[in-house]
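Read the structure below first, then the notes.
As written, the chains take the letters A, B, C and D, and residue 1 is the first residue of each chain.
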């Protein structure tokens, strides 16, 4: 039933094949085009999952929940590959990258896609763990691709912290298996998601608790929750911008997805501790912490990396609160954040290329010198700051209002955090986009299409959401409980 | 028979914890490496024992990996590196041996408390193993954060990972154990190569000597 | 029709009596200083002479400068003609209550201050800036006084208030006393009398009102002088009709009564003039920056009076 | 009805897109502002029809936008109709003005796209009938106006102004977000209809009031959350400043009225204490700030703060009366407040237009560099004078009417039983009177220093009259000031349905009163007839003029000024704005602003000039905002060390987190 033409397997097979191919092929134009093509095909396959969903096997599963993630991942992966084509071209010209590394880069890109898709469609918690580890390793390699001291060091930091995270996550996974074994019986079934979810109520609560603690810390490291976030800013700042976009836009989501799965597991077991409060706490900590960290940033990419931490905090908070409204808001916020943040990184990438630096101090008056880039960035920041009529406002509206009625104090902390973050972002935006032009003013040869495509989607979502999508999201929200 | 298997497994797991403490106690790199070799050896034994008890032959592969890769290759490689970098001096610790030991005790106690809350009907063998595995993991982590020296931090990481393998093998009939242990061995190989490549003497965070403290994120 | 006549008569009466009051006050002051002083009709003579003279206009004076005297005169006259003098229930009294009357005077001052700035001389500036400073304290004080009276009489309508105060049920009240005191202080400040200002001086650094009108001459000056004395008259008759309302004829009274009312009114004016003169001769002019304290006291008195009423209302 | 309104709003939005496209085109200005003019006139007509409509039931509609399962609800009742009228009156005038003024705009593509969006945003706010739509429109309005403030972003101050503005705006929006969170309740019933249905508990309602005060107040410019206003309003192009000051603040007032009078339900008596106190303080502080300014547009902006204070005094009284069930008195107070809303929007727009004309004619906003403009720009000077007289509450113009009504409302307050109010209201009345008087002083200064006297700089020397469009807009508003002043009855009657809807009572019908005078309570109690006063003044003035010119001399001779015998030819000897304000600064400033004057007088024989410096402190900023900013900076610095840890230390963080969580598990019951 899982032939290579089956969409589920296609989502995995296409990137894998592309990776193999791209390692072999020389030539920048060709490989870039192939890269785009592969991601496009993957996206199409993912979309087709709407229509024909395969019955879950012991390894693969497609349900409402991960379908959201898959479509989002493949879409952003596609647009990012388009952006990366023009971006990497420029990198080649200025000689920051050599063709050899470029080949490697494209292969790794596809491998990352494969790993993330695998992690999403995996019906087996072990496979999921392996996939996430794979994704981490590929990104580690790509972060270090510039071979500068800073890049290598960032990659190294990412690698070490990531490995510890992986180890903790594995321990959690093992514990889940042990909790499941007495109920489900030995062997594969005790790791198959669809089986676990049906029997969760009978599991040993104490084991589940310990398991969740380890999973929260293990995958939380990938999500970038404070205080486990340390790798994130440097990895974003030092890697190639497309990778920063993918990291912020996708990898964090994938890790969060894993976390959500296990949260559902715990939620089904009445005797186990409620996962909500833990996630709420970590979410708030990340939000407030990141908001303050934004102020002293001098590197534009690192700043937006911290903003990603902030938003991951909000999303985790929303899912932690639970309930139909908050869960819906969390999903919406995650989608919007992926689109917006990657759009911002597209803009930032070109800006950094125009200015020849990532130091905020060396940028200024972009709306004068490069109006399209400048206004694109302004729009992006307005969106990420949660100002209407863009999509993030809706999710923040739902989060705050639904929370304030239930836990006022939390809502007030949340609001303060958001406000502090907004203040910091605009403080920097003012110097980057407005005022007297500063720094080099080259013409950017860039493809603005991906950026504006994302922003347009965010804009539309903020005003009008197609009912089908809404119903779908609401189902997922119910699923998450 | 049942009692015996339980006792042996328990003994081996306990030994593993003990060896972790010994590692924590060492303050010379060579001695530390030897201790780690012992650690890996004990792990291999206990895995083999589990393989025998659960008569799951694939676990022997894991045992073999533990024996060959961790107990022999890695220590040798690290010896090599230490010679190369000429750092067979004292290990600079963050906290003294005594306090490290106390912390370790606390951690073991903690893992016991946490694990013994597990309801009794889960079979005792696995439960004890789990408790020990958890303590080994925690001790490994403790080692990573209390040592300033790259090599000893790796050793810490590896013993953490030994704890994982212990747990995985203790979980009866758990699939993918072999794959996981292989994956981890690759991971460790990466780290070791990385250290060798970047000539990290003192800490993880600097890529070479003159880069020490130069770049740390967002300065300047 | 009769009411209309009365209203017209009142308008003419105030216009005619105003200079006389000014002259009378000067005369009494002179007498108190053992001088003979100018004849009573002197103000009329001055006005006529000024009217006849040609206007000498500063080169850079604007059109506004030439319009302002008429504005001031109009505002003051309208205000004055709405204050009951010898008979309550004037025909048009309902077209502007006490607040509106004060506001009318306020607009007169507004334009006068602008006139002071128009030519762009330093003295004009001094005058206007001090004038607005004084006004910014005098007007709130006045409003507070109005509050007091309005709360007692239950109306801001002058005729009604006078009608109420003449009736016996008022009795003696602390607030009334405070209000009277405050009103007198405000009146002194508003009419640029000693100790706030000296209408007779041209000593540069002490003058306020005179400094503003320094550039005026001829008919313009005449109008302004006339409005000034109208204002004085207005305040005296205001105090008269609110605090010594006896002899004030209610509406619909016969001619005989009207005559009595008229006599009573003139008597009140005269006594007001005498008191004013006495006060001015017996006190020295204060420094400009003591004025705020003087008026601040008035404001406080007014506020106190109002508060007392608010509180007593609930007892 | 409401659909028509939404249609014209849609036209505005389309115009925004249009403006973005052809911003660089030559005729773009005429097209964009022309369409805006027509659209806002249409909206004005719709609003007036809805306001005068006899049938009480409002027209509603729902669009499938916004929150999916909720949709976007829109409603056009009396209240929103009134504010829609106010908004679009200002919008129409501004568009007309901009037709001419826009010519001087050097970066049209930073103005043309956002201007129509701004107009649309404001109109949607008053039409919205559910929390989400309301907030979206509210923030959209802030956002577009922020973009307009940033239009001239090369000026450093403007960037700062825009920053402070945006932060305060998001602050206010988040406060409103919490407000609606409380109103909607946990199950998220966001439509105003549902909210009206639910009755929040006393404490809940109280916190709603406080949050609404913060949220709406920060947009309206209540002290102490007014700081953004005097920075942002002057920074924008003048027709936008007019809209922000004259209209956008009114939208904020609308938000407050909608929430507090309509949505919460019956108020508690002490609410009015809070509102009244804030209103009084705002009024007095605002005008004192204004007196200390010498930047014309900033002075006007601070005056907006003052007028907002006056409006809130009216609203506070209405709350008090409503709380004690004196509906007719509440109607009076509310009408006074709303009438002032209308009046202020008219003359503040007029004044900002005047300032804009001066700015374009001389390139100066600083009054110290102006003077004598009445000779070069007589028509502008005339309308500006009308505006000044109106805002100084001088009869027979409209400013006086609303303040008079407010005073009448205050005079009713002794009948309120509560002691707190008994003590507070007279004090507030005194503050109101004080601010009225100070406003007059302030505008003597504004007009006198700018338009009268002698030109202080060559720029002022060379000024010339502004264009016809601008003049048309300004004359229109000036005429409106007069009409609203002499025929207030018409406007009061128009407000009747609003008051009826909010406090369930209305002022007596003024149209029936003979001679068109207004009688708030009873003929015997108080009445005012602007028309008669106006006629009297005209007659008596004309009579005097005629008599004198006819009977006495009308000769006139030009001569150098007299000035006590020693006139100085240098215009520098004139009184400047700051010297004009010096006496008042000495009286009030020394306390309110800790104003200090330093005179440094060199000894005789020393060539150095003597200098005189004045130091003013904005206590609100020093006491409230500086500490917050400092605190955030401190925290940011402290936390920033976490960026520079070693990997081992990061690992220790992870380790600590792990141990902590395990401990939690260990002690978990």
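Some observations on this one:
Going forward, contacts are C-beta pairs under 8 Å (C-beta built on N, C-alpha and C of every residue); 3 or more make two chains touch, one makes a residue touch a chain.
Keep in mind it's a predicted model, so treat the numbers as computed, not measured.
Ranked by distance of CA centroids from chain D, the top chain is B. Contact analysis places C-D first among chain pairs (by count of C-beta pairs in contact).
As a whole-number value, the distance joining the C-alpha centres of chain B and chain D reads 69 Å. Note: centroid distance chain C to chain D, computed from Cα atoms, is 35 Å. Distance between chain B and chain C, defined via averaged C-alpha coordinates, is recorded as 100 Å.
Averaged C-alpha coordinates put the centre of chain A at 31 Å from the centre of chain B. Counting partner chains per residue, chain D has residues 643, 647, 651, 654, 658, 662, 665 touching two or more of them. Residue positions of chain B touching 2 or more other chains, listed in rising order: 114, 117, 141, 144, 204-205, 217-218. Among all residues of chain A, those that touch two or more other chains are 156-157, 160, 164, 206, 210, 233, 296. Contact between chains, using the touch rule, shows up for A-B, A-D, B-D, C-D. Here chain A touches chain D in the complex through residues 156-157, 160-161, 164-165, 168, 206, 209-210, 213-214, 216-217, 221, 227-228, 230, 233, 273, 278, 289, 292-293, 295-296, 325, 365, 367-368, 382, 385, 387-389, 393-394, 396-398, 400-406, 411-412, 415, 418-420, 422-423, 426-427, 430, 434-436, 462-465, 467, 470, 474, going by the rule given at the top. Those residues of chain B that touch chain A in the shared complex are 114-115, 117-119, 121-123, 126, 130, 133-134, 137, 141, 144, 157, 160-161, 163-164, 167-168, 171-176, 179-180, 183-184, 187, 190-191, 194, 198, 204-207, 211, 214-215, 217-218, 220. Put simply, chain D touches chain A in their complex at residues 64-69, 131-132, 135-136, 139-140, 143, 150, 153-154, 156, 159, 162-163, 166-167, 170-171, 174, 177-178, 180-182, 184-186, 188, 190, 632-633, 635-637, 639-640, 642-643, 645, 647, 650-651, 653-654, 656-658, 661-662, 665, 668. Here chain C touches chain D in the complex through residues 48, 51-64, 70-71, 73-75, 77-78, 81, 92, 94-97, 99-100, 103-104, 106-107, 109-110, 113-114, 116-126, 128-130, 132-133, 135-140, 143-144, 147, 150-151, 154-157, 160, 202, 204, 214-215, 218-219, 222-223, 288-289, 292, 299, 302-303, 306-307, 309-311, 313-314, going by the rule given at the top. Interface residues of chain D facing chain C in the complex, by the touch rule stated above, are 371-372, 374-375, 378, 381, 385, 389, 392-395, 400, 404, 407-408, 410-411, 413-415, 417, 419, 422-423, 425-427, 429-430, 433-434, 436-438, 440-441, 443-445, 447-449, 452-454, 515, 517, 523-529, 532-533, 536-538, 540-541, 544-545, 548, 551-564, 567-568, 571, 573-575, 579-584, 586-587.
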